[in-house]
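Two complexes come next, and they have one chain in common, subunit A, joined by subunit B in the first and subunit C in the second.
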Partner chain A sequence: MSRTRALESSSSWRWTDRLGLAFAWLVGLLFCVICAAIVIYLLVQGIRYLHPSFLWTNPKVGNTQNETGGILAPLLGTALVIALAMGIATPVGVGIAVWLSEYARPRQLARVVESTVEMFAGAPSIVLALFGVILFRASFLGFLTEKTGGVVYGKGFFPAGAMLSLLALPLVVTSVREGLQAIPNHVREASYAVGKTKIATIRRVLLPAVRPDIITGSMIGAGHALGDTVIIVILLGDTYILQGVGHVPLLGTLRGTGDTLTSYIFDNAPTGDLNQPNKAFAAALVLLVIVLILNVIVDIFGRKARELKWT
Partner chain B sequence: MRTAIDDELLRLAEDEGLSQDQRAELSLGALVCGVIVLLLAMVVFIVAQAWPSFAHNGLHWFGSGGNVDQQLESIFNSTSYLHKAVYTFHAWPLIWSTILTTAGAVILAFICSLFIAIFMVEFAPVPVQRILEPVVRVLASVPSVIYGLIGVLVLVPFIGNHLITQSERASVTPVIQLSGYSLLAAVVILTVMIAPIMISIFADGLRAVPRNWLEGSLALGVNRWRTFWKVAVLTARPALIAGTVLATARALGESVMLSMVSGSVGFAPNPADGLILFVEPSRGLAATILHNTDELSSPPMEHTLFAIAAVLLFSSLMLSLAGWGAKQPMKRYFQVGGAEA
Partner chain C sequence: MDVINQPLPVRQLEPGATLTVRRPLDGGTAQIRLLEEAILDTSFVSSSTERHVVVPTLERMRVEELSINYGQKPAVRSVSLPIRQGEVLGLIGPSGCGKTTLLRSLNRLTELTKSASLIGRVTLDGVDIAELEPTALRRRVTMVFQQPNPFPMSVFDNVAYVLREQAKRKPRKMSLRPQVEEALARAGLLEEVRDNMDHPALRLSGGQQQRLCIARALAANPEVLLLDEPCSALDPQSTKVIEDLIVKLREEVAVVIVTHNLQQAHRIADHVAFMYLGELVEYAPGHALFGNPKEQRTREYVSGAFG
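Moving on, here comes the complex of A and B:
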């Protein structure tokens, strides 16, 4: 990007303008300092308490912070619930984006869909969590969670994953839609010209072309889902180990309750039930590292999406 | 992005009885409708669950009166040993706390973000710019629970030990305890949380301003700062609104961080008391739901919590509507600047 070059010195400016520039420098640098302080503080505090065994042991009940085990269950829980959420949000989000950008008729429906998705992008996650509470208490969804004597428990990986997918959905839709809109029409027309139908064009030409956007969108969505605590605390059950239901290995775990890194940190903070700040710091460091890795992936694929230029 | 060719193809397909395309369109449409119905069902379900609480209290629900924590407690207990459910609830202290934290953080973040975005887009030397961009992205993606943890272990003790004087502590002892869990901590951390959202949208809007508009102003002898301030910032107004709306929605719905640092007391800090306002604890709407989720088993409590959720949902929907409405009159004049809008 070309910028106006500093040919003049600011000493000739009026004092209000110089004050403005000085303030801009101040807040800009302050912002960098805050970010550096947060990352360095977490690194220092986290590394002190982070041992390899911390990652490989389950949380245990104990009196001191040496006896309470590690974060294996929260790590697994995080992976499971994010995989579940993105497994729902990515295909649904791509479907909505394709419909909005390629079909979008009747017009009125398209407008309603567009504004609804946009409006719910800002809905507080605690509202989604409460919606999950009533939705998954319904008896026809009872097969997804634990059921004792006809009463549906309504907590577990399925409810949490489903609500997290609603949280991530608008982000996937926006990203994929932008990618689709960046493809010029003559690409579609070329495909029609060689006799492809519209759906074949979408599947064979458009979707492969927006693959970087799909990956970027779902990674941004996963980042949001990863950082969410409320839905996990309310819908995942917040038990310290993975408590499966029934005997089927994976399905049983998914129907059962568990814990993720965010709720582990929440419980171990001084305001939580457990109050073990050392563990909270170590887990926060692990979470931060995961988030940063996701960021790097988004960066790489975002650059790839921008490199693909249509003429 | 339909073209005339699309329509032609569709007509051809219909003629030849090829329905695979139509089937694909129908199933995609059904998927979209399903998601929309689910989202609308959410509004209906939440309002339906909230209704008993609103119906019982009427407009007094939003008013003040009595101790909010005691009211919540008696609502929760009313099913266990009384026959009649209690619904009396006056949410003003919670609403006031949400308004104070959100307004404080949004105003503070708006000023800082505007200057940071200007700095990042136009004035920062290239190396500084290269650092700032990833910094914004990292801060935007740090989970709120980590902000809460840092707040609880760093900022809250600092405020408790250094910013609160003994006389201040003594002056409010009969009502509340000042321990560092405070409005100030909440506003500061919320500002750091929402500023990156604003900065990235503001910066996108500022970058989309056509160069020749700025060059025109520079050619008239206006200095760089004034040019950018008067031309680019004004042109990017739709982006400023979009960013502010998104950040406000985030601040409104924030519960985890606030429940950790703002102190869980249903207390309405009174601006008439002066600066002590900032070190007083409070609890917002979203944090109240999180604080009481274990008590969802009691039906009156559940209705009350859903009523709080309904208020939150309504305000966040109204916020996006207001943002959309505010952008409409500008669209006509600022087509170019509204890249994000």
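Moving on, here comes the complex of A and C:
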């Protein structure tokens, strides 16, 4: 975005205005410096272990940081739990957004759904985690996790993914809803005006139109879920390696417990159980890169969404 | 027998008169018999566009004593008029006069507004449109809007969307191709998009987008085509292309156009209805309404006294 430059010199400014401008510059630069400092510190601390093999070896038990392996399990765990969370949050979020934007009847119910979504957007993840613990220990949900002798363990990828999806859901709903609301009404009417039903219009006109918003919302949601630690520590089991249940390949893994980058960092932080700070920093760098990639995707599709639109 | 592609004075033509007209579509000539009295004013005929060539008319729709209210607020008051194939009907009037509401009631789009209520009758080929399935009616009476609004898909799919059953996705893409091409050709867009039918429709220029919307509306093979200020968002060049197209289309479909642009109504409409505060003030052949309006309010409006 380009701004027109005002043709004036700041010499005629009042001192309060100059101070204000100086402050704006200062905080802007300070923020950049802080960010750069964090990244540089992460690099300096973590670079020693940031070797390709770090990505594809499992964590091991060892006495020094050289012996404790890599982050394969947390990396896989992150991918699995996020895929699960988004696999739930995206369709459900799109459904809620379509209903809120295109139907929303009865109006009272729509208002309730709307405030519920907003409430979830602000809910601390510990609250969700706590609720998840209670919910997934219920025996009728026992098939989702490990069940020994009638006692449901209640920890694993399914509970963690389900709760993380609630964290991501409001972001998907908001993004898709904004996309739908940005579609002028005459576009819907144009579809009705050639004899199409509302359902056909939603499926064939509106949903394709908000595809970039669906992707953007999912990526922002995934980024949000990616950074969460509390739900992971409490509900995924924080077991350092993927411990499957049963013998079915993927399903077994999902029923079992695991680890993600955030819980790996949490455990290896100087205050954590394992205290391997350099490993934590290396994993933090990897996490940062993943978030960066998600942001780039959001940016690309955000631009795409703005590119082709009606007047 | 008269060939009317040369300047001629204003003349009165009796019903039953036969005349040879040049067909704008292919430049050939056709002989037609007039069903009703007509006045031929060749001062409108520009050598390049051959407008105001008389074509035979056939009544498709009839609006009978139609009143539409939004809640308590009347928008259209007891309007009656015929809509004929073979002519362009122009609806003019100041903003809020009910002309767009009248247009939207013709394919029951007014029903999408919850507060709208309707008294009176509109028939399509003699059948009350209230008795038709809305989706079936809207395939027979299609509409083009003020803002070009192609769907966010390829040029081809925009037209094919209309041809496919409701929500179905892609049955036999190749089998739809002839119909898609025909619709694009009728809208005068085929030559420009033939090589990039798979490009996103929203990449086309505004004028092309609007012609794509016309192609989409024609793909359903409607009897009546409704146009709601189709050129108001376009530049003069694109406007001219679309006006020429509308004049051609009136031979195949009944065309109703709402316009704010009096010159446009003058240029392309065979009959013009002037509405004011929901009432139909005057309905007359275009040249009569603009040249010699009977009503005081029409005279004031077309002379620019208000509106």
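Criterion: the second predicted complex is superposed on the first by the 304 of 311 C-alpha atoms of A that agree within 3 Å, B and C clash if a C-alpha of one lies under 4 Å from a C-alpha of the other, contacts with A are read in each partner's own complex, and residues count from 1 in each chain.
By definition in this document, contacts are C-beta pairs under 8 Å (C-beta built on N, C-alpha and C of every residue); 3 or more make two chains touch, one makes a residue touch a chain.
Keep in mind that this is a model prediction, so the values were computed, not measured.
Once the two complexes are laid over each other on the shared chain, residue contacts for A:197 go to subunit B and to subunit C alike.
Of the two partner chains placed by superposition, only subunit B is touched by A:227; subunit C is not.
When the two complexes are overlaid on their common chain A, residue A:31 makes contact with subunit B while staying clear of subunit C. When the two complexes are overlaid on their common chain A, residue A:250 makes contact with neither subunit B nor subunit C.
Contact with subunit B, but none with subunit C, is seen for A:104 once the two complexes are overlaid on the shared chain. Legend: residue contacts after superposition of the two complexes on their common chain; A:187 is shown touching subunit C, with no touch to subunit B. In the superposed model, B is the one of subunit B and subunit C that contacts more residues of subunit A.
Shared-chain residue A:61: touches no atom of subunit B or subunit C. Judged by the touch definition given at the top, the superposed model places A:208 against subunit C, while subunit B stays out of reach. The contact surfaces that subunit B and subunit C form on subunit A in the two complexes overlap at residues 189, 192, 197, 199. Residue ranges on subunit A touching subunit B, taken from their complex, read 1-4, 6, 8, 10, 12-13, 17-18, 20-21, 23-25, 27-29, 31-32, 34-35, 38-39, 41-42, 92, 95-96, 98-105, 109, 112-113, 115-116, 118-120, 122-128, 130-131, 133-135, 166, 169, 180-181, 185, 188-189, 192, 197-199, 202, 223, 226-230, 233-234, 262, 265-266, 269-271, 277, 280-281, 284, 287-288, 291-292, 294-295, 299. Residues 107, 109, 112, 135-139, 142-149, 151-153, 161-162, 166-167, 169, 200, 202-203, 213, 216-217, 219-220, 226, 233 of subunit C are the ones that touch subunit A when the two sit in their complex. On the side of subunit A, the complex with subunit C involves touching residues 184, 186-187, 189-197, 199-200, 203-205, 208-209, 308-311. Subunit B makes touch with subunit A in their complex at residues 1-3, 5-6, 9-10, 13, 18, 20-21, 24-25, 28-29, 31-33, 35-36, 38-40, 42, 45-46, 49, 112, 115-116, 118-120, 122-124, 128, 131-132, 135-139, 141-146, 148-150, 152-154, 192, 195, 207, 211, 214-215, 218, 223-227, 229, 245-246, 249-250, 252-256, 259-260, 264, 286, 289-290, 293, 296, 305-306, 309, 312-313, 316-317, 319-321, 324.
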